[in-house]
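The letters A, B, C and D name the chains in turn, as written, and every chain counts its residues from 1.
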Amino acid sequence: MLDITAKVIENRLLSEKGRIYSLTLDSPELSKDCLPGQFYEIKVGGLDSRFLLRRPFSVAFCDDKTVTIRYNVVGAGTEWMSGITPGQMLDVLGPLGRGWPVDKTKKTLLVGGSTGIFSVLGAASHLGDKSRAVLGFRSCDLVNSVEDFKAFGVPVSIITEDGSSGRKGLVTELVKEELDKNEYDTVFICGSTLMMKSVAELLKDYDVDCYVSIEERMACGVGACMGCVVKIKADNEQGWEYKRACAEGPVFNAAEVIW
Amino acid sequence: MLDITAKVIENRLLSEKGRIYSLTLDSPELSKDCLPGQFYEIKVGGLDSRFLLRRPFSVAFCDDKTVTIRYNVVGAGTEWMSGITPGQMLDVLGPLGRGWPVDKTKKTLLVGGSTGIFSVLGAASHLGDKSRAVLGFRSCDLVNSVEDFKAFGVPVSIITEDGSSGRKGLVTELVKEELDKNEYDTVFICGSTLMMKSVAELLKDYDVDCYVSIEERMACGVGACMGCVVKIKADNEQGWEYKRACAEGPVFNAAEVIW
Amino acid sequence: MENTKKVDMTVDIAGIRLKNPVMTSSGTCGYGRDYLDIWSPAELGAIMVKAVSIEPRNGNPPPRIAEIPSGVLNSIGLQNPGVRHFIETDLPWLKSIGATVIVNVVGYTADDYAACVELLDETDADMIELNISCPNVAGKPIGADAKATETLTNQIRNITKKPIIIKLSPNVTSITEIALAAEAGGADAVSLINCPMGMRININTRKPMLANITGGMSGPAVFPLALRMVWQTANAVNISVIGGGGIVKWEDAVEMMMAGADAVFIGAGLFYDPASPLKVIEGLEKYCCDNNLSNVNMITDSLITDR
Amino acid sequence: MENTKKVDMTVDIAGIRLKNPVMTSSGTCGYGRDYLDIWSPAELGAIMVKAVSIEPRNGNPPPRIAEIPSGVLNSIGLQNPGVRHFIETDLPWLKSIGATVIVNVVGYTADDYAACVELLDETDADMIELNISCPNVAGKPIGADAKATETLTNQIRNITKKPIIIKLSPNVTSITEIALAAEAGGADAVSLINCPMGMRININTRKPMLANITGGMSGPAVFPLALRMVWQTANAVNISVIGGGGIVKWEDAVEMMMAGADAVFIGAGLFYDPASPLKVIEGLEKYCCDNNLSNVNMITDSLITDR
């Protein structure tokens, strides 16, 4: 975990309507230890900002010298981020948490919904053609990053809720079709709680390992405050315990999550 | 009083070391009714700012279409202002308060100390060669706006505390010399409380009218909160009352101020 | 998506029908004249005027204002020209322009309050708000004690038939205890919060930023505290609840009403955005349109607390 | 202008000499391991570890965190693995690296507190901090009542010779009344403030932002409130005062000490700037140099209150 100030080299709009941006930091230090599925806590707002909390973002991909995150403008913090210009310095804490159990010997299905695609994009960058991605979006305006999956050698299927791009429907349909091919050892899912829960439900009928990346509200991001807990099965009297998404997660074994 | 959003057309550094800026707004509306000695309340900070209070600044001068204020970077709000770029929009409330009793039939001595010079610069722009300015600064780094006084036809004498520009000493000395010429009907003073108090003290021995512009901490700036009061002589039992710098002031008759 | 149905913006507070649920709070809008270039008191649900006392008061020495993160600290200390002056000059004007006027009253003793209210009872002031919660005067405020609150409320109840609002202090262990005491004493409404007591120091001069050392906090910094207290209070009493503290934009007003406020007040928010009362009224109306609410009072208590 | 004299950064708190006056506050720094890449607990004056209870606790359901203007709302609800686990795993490690350890203890009943302290008394924990002020558990906290505070303090005083710190709640009418009760009960120090209780609502879902509905406020928003309470408390008691609430930078710590704190704690400030404890220690040292103070404790009470 590093606590550093890094220079932004790109803050590019990927989808006008969706207000999705790709932000790249020039930082060999940050990229060195970074694993797919991990995340960074980024300080948002100027010197006079009312924001106390940093914002968590998954690593989308890294190379030797840079780290890229991708984000959707959803509130005041990401609104501020959308105004960042190259050359600006950002305070970044990370990499944080435990990422995907990436294993190139295993055929992996990557399942992403809306901004959840960035976390699985990190896995795609490591797995390449050992993986395949099914990505769900609300509508075509929000479709982004598909070329990046492909550039990593990962075939992509798209489904949108309104059918404006790719097939029409929910991501679960595509997942079922893929699984029925009986090719996969592992599934990685990141998206809305509803989506992850329904995919995890579906997977009970298949003999595959399944991991989910859970986004909880965070304060510290490092495991110190118990703010970001997720209900996880445990070998105790009550059968469960609260685990920290930022420390024991954000990636959990789906079979252990109590939704 | 207007509550408008105006476009910045210039935010120019006047003194590097002193961090003094000249900010010009493109706003015929604001300039129309603006009198010297009045001030504006400017919203500082971005959308995510922790600043609740606007910052008060005296009008330095106006023309038909623009209003100029000048400011020294002293804290977080003015720090933010120093980053303003032309084209940016600012929320401005004003003009506010009661300004100088400018009267071109009267020979007026303008006395300014540090950022107090901007308020008397407003008077200078109306009085021209009917006035003369004596300006005090801590050191030469802070000397600024002298050319602007001259451009309005106002002769200027400068005194600095460390003698690094103009004479060495306190502004009171120059004021005494000028008054001993017996030329002046009126004196306008804006500067630190200490400076205004000592000049006002001195003036008791002379037969001139004297006005001071008092900067108090403000919340509303419009007379609604009673936040900015100054102790002023009154015809009541206790002999004084608290008057609002933003409404009855910031310019008060020095003879009525209880320091 | 456009919904053109007209929203009923009126609300009943303490038995009086108001144009809308948005007020400006005592001490932040003077006696209604200072923001006239931007809004008229007649456009508001009501104006809560600056505290008046039986005799004029000087208030505290300056500096009286300091900035705090997301807020402001004030130590005005109830400077006012006295209730008689208000009755002679400001009140007739406010009524003549069509404003609904809530008169904030303050006193050193119960008799002071009573004397003020007796004079106001003869006027066409619409409601009386008893300020028993000012953090900027010496001694323990009445609003810090349930028994004292009930006693004072009851005493004033016997003097006037006008609606009585008790302005509650947040500087208490149990806000509901004081609110219930006000209700028991015969109040028609409670308003909250007054300012939490705070302090700032200038580390260069080593002096407190306020001459009075401590002062009252207001602005967005106090919003979560106010919201919690309004929620607790609305769940405890049956009388009207006027909620405020840190409201700047219409979304804040929606939150405050969801927490249980029947009407809201804007105070320090005026310093940030003098036009905020109009924007909040508009925003509430639009919120109702967008959410198919025919009456703005349907926002009140629309909170869902079971997950 | 350079002053190269060495500043004595040590302070005495509750009779124990600390390296410096900067602590990290309970609940924001876990048991000392989570920020190790940035600072070690051994670099602090002391570490106030997350509350421990006699039995493990689950805490409240998520979401437990919401942002507020200049702060954060939390409703953790004292999740912890129990005091025994702490004594077996974290405490020995903390002591082995040279940290001064203040153990924050919580209980449902006085006996719960007593049971915890009995176990801790056998260890080399440096001080006990009784958390009688958590806003996130049901029922009226002990810290809201002077008598209950004195009784509990006294009961614990009879169990341990270790210094006892009472962590005070800001959700009270009179902070000095509770502080004096702690002193009367035999406390060696008070620490304040714990979190003021607040709330936020998501107006889109119409649900409270926290599953527990209300939560505790911290961060710069509460700083002026904390400063005022520390000032009042330091003027009332003769025992050590550990002040915090909203401290993020060294200037805040100077203000807090000027208000009367003998030492300070940083809580939510860690979320904004994880390196803040080190920066505050450095900043205090530099402030002393620049102002010719030979000992950091000279900042405490250096406030000038006469104008």
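Worth a mention:
Criterion: a contact is a pair of C-beta atoms (placed from the backbone, for glycine too) under 8 Å apart; a residue touches a chain by one contact, two chains touch by 3 or more.
For clarity, every value in this text was computed on a predicted model and none was experimentally measured.
Shared contact partners of chain A and chain D, listed by label: B, C.
Contact count check for B-D and B-C (C-beta pairs in contact): higher for B-C.
Chain centres here are C-alpha means, and the one lying farthest from chain C is A.
As a whole-number value, the distance joining the C-alpha centres of chain C and chain D reads 34 Å. Centre-to-centre separation between chain A and chain C, using Cα means, comes to 46 Å.
The mean-CA centres of chain B and chain C are about 35 angstrom from one another, to the nearest whole unit.
Annotation for chain D: residues touching 2 or more other chains are 61, 69-71, 220. Counting partner chains per residue, chain A shows two or more touched chains at residues 50-51. Chain contacts in this assembly form a complete graph, since each chain touches every other chain. For chain D in complex with chain B, the touching residues are 69-70, 220.
Against chain D, the residues of chain A that register as touching in their complex are 1-3, 43, 50-54, 91, 93, 216-231, 238, 241-242, 247.
Interface residues of chain A, counted against chain B in their complex, comprise 44-51, 76-77, 79-80. The touching residues of chain B, when paired with chain D in their complex, are 50.
Contacts from chain D toward chain A in the complex involve residues 27-30, 33-35, 37-38, 50, 58-59, 61-67, 69-72, 74, 76, 79, 219-220, 268, 270-275.
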